[in-house]
């Protein structure tokens, strides 16, 4: 019955990577807490790098500087 | 003053259906808790089926199997 | 499969009122979008009135003024 | 280490405005609580006006009436 | 830089179990997406069983029936 | 009409500090985006340090080491 929301920047995450996140988090909740995977929900939000800030800067800027 | 967030898969939900969700939830909060509808906020997030997992599978796969 | 999060102020909401919110929202998603109630999740967050702001004021103050 | 999520309607918010929100919220948490800006995360969600309800109406309608 | 929010029912989850969730999710994001663990944030919300609904019923009722 | 959710660790934040966060965020949204403060909602979640992870560690541990 758990609900997990994963927020990541929108930077070419593949469908296969998303599936691995969904599988991995679901299994973790089974292993650690014995939760029922059938009702475990995982929602992934991909956020534009303009809309994600850390350290008072937006990620778009941080990526450019690298 | 309540805030309600509805997360659903992004599968051709119409503007009229969204309005019915907004109206229905707002009225429910009036009926059950006597909340003021004028400051009741409802936000609907439509999530790509690749990004929604249940039972360790992504919804895109579940829809294909049907 | 929808996930609904209801945030309200923590002001003596009863267990019965919470159940009515859960039932009402679940039924709304069945009626409007044909969603499966078995996997519809509703989570209610009760927030202390000191921690809820509207109009630049916290609700604790607004309640006192009434 | 704080996490701040700002939800606004998707109405032509510029990259510069988003940066000002990120900078302003981060600085506020430094000023009020002495938080470390390096690990302060701000995520801005822009929500379609069809998907945002207030007062039992969707914002798209409210904008049209003005 | 990812942000992960895990919502579970408040049913005697230990500090050690919480740490395992934090470690497991952080490692998953390193393994699948190559994210930097230093800025990966995990927040666990424990929700009272009265406040969690599934299938139109609150979890408190579901637990009693077992 | 914006909705802002601030998540911070639960470490003796005073009512006055919370009010300053509410006022500051509300004013920021007025200044940057011209939003109406009357319908701007700010919700502060205080999270137990056992339930907040960063860098794969929980904050309770990080505070002890200092």
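Order of writing sets the chain letters: A, B, C, D, E and F. Residues in each chain are counted from 1.
The rule is simple: contacts are C-beta pairs under 8 Å (C-beta built on N, C-alpha and C of every residue); 3 or more make two chains touch, one makes a residue touch a chain.
This structure is a prediction, so every number in the text was calculated from the model and none was measured.
J.: For chain A versus chain B, which are copies of one sequence, does the interface use mostly the same residue numbers on each side, meaning over half shared, or is it different?
T.: Result for this pair: different.
J.: Just going by residue numbers, which of A-E, A-B or A-D has an interface where over half the contact pairs are the same as at B-C?
T.: Selected pair, repeating B-C: A-E.
J.: Between chain C and chain D, tell me the centre distance in angstrom, where each centre is the average of that chain's C-alpha atoms.
T.: About 21 Å separates the centre of chain C from that of chain D.
J.: Any idea how many Å lie between the Cα centroids of chain A and chain C?
T.: 25
J.: Which residues belonging to chain F are in contact with no fewer than two other chains?
T.: As it turns out, chain F has residues touching two or more other chains at 1, 3, 7, 21, 25, 39, 41, 43, 45, 52, 54.
J.: Have a look at which chains touch which and call the overall pattern line, ring, star, complete or other.
T.: other
J.: Where on chain A does chain E make contact in their complex?
T.: Counting only chain A, the residues touching chain E are 1-9, 13, 17, 20-21, 24-25, 28-29, 31-33, 35, 39, 52, 54, 59.
J.: Quick one: in the complex, what on chain B touches chain A?
T.: 7, 45, 47, 50-58, 60-61
J.: Mind listing the chain F positions that touch chain B in their complex?
T.: For this pair, the touching residues of chain F are 1, 3, 39, 41, 43.
J.: Show me the residue ranges of chain C that touch chain E in the complex, using the header's touch definition.
T.: It is residues 15, 18-19, 21-23, 25-27, 37-46 of chain C that touch chain E.
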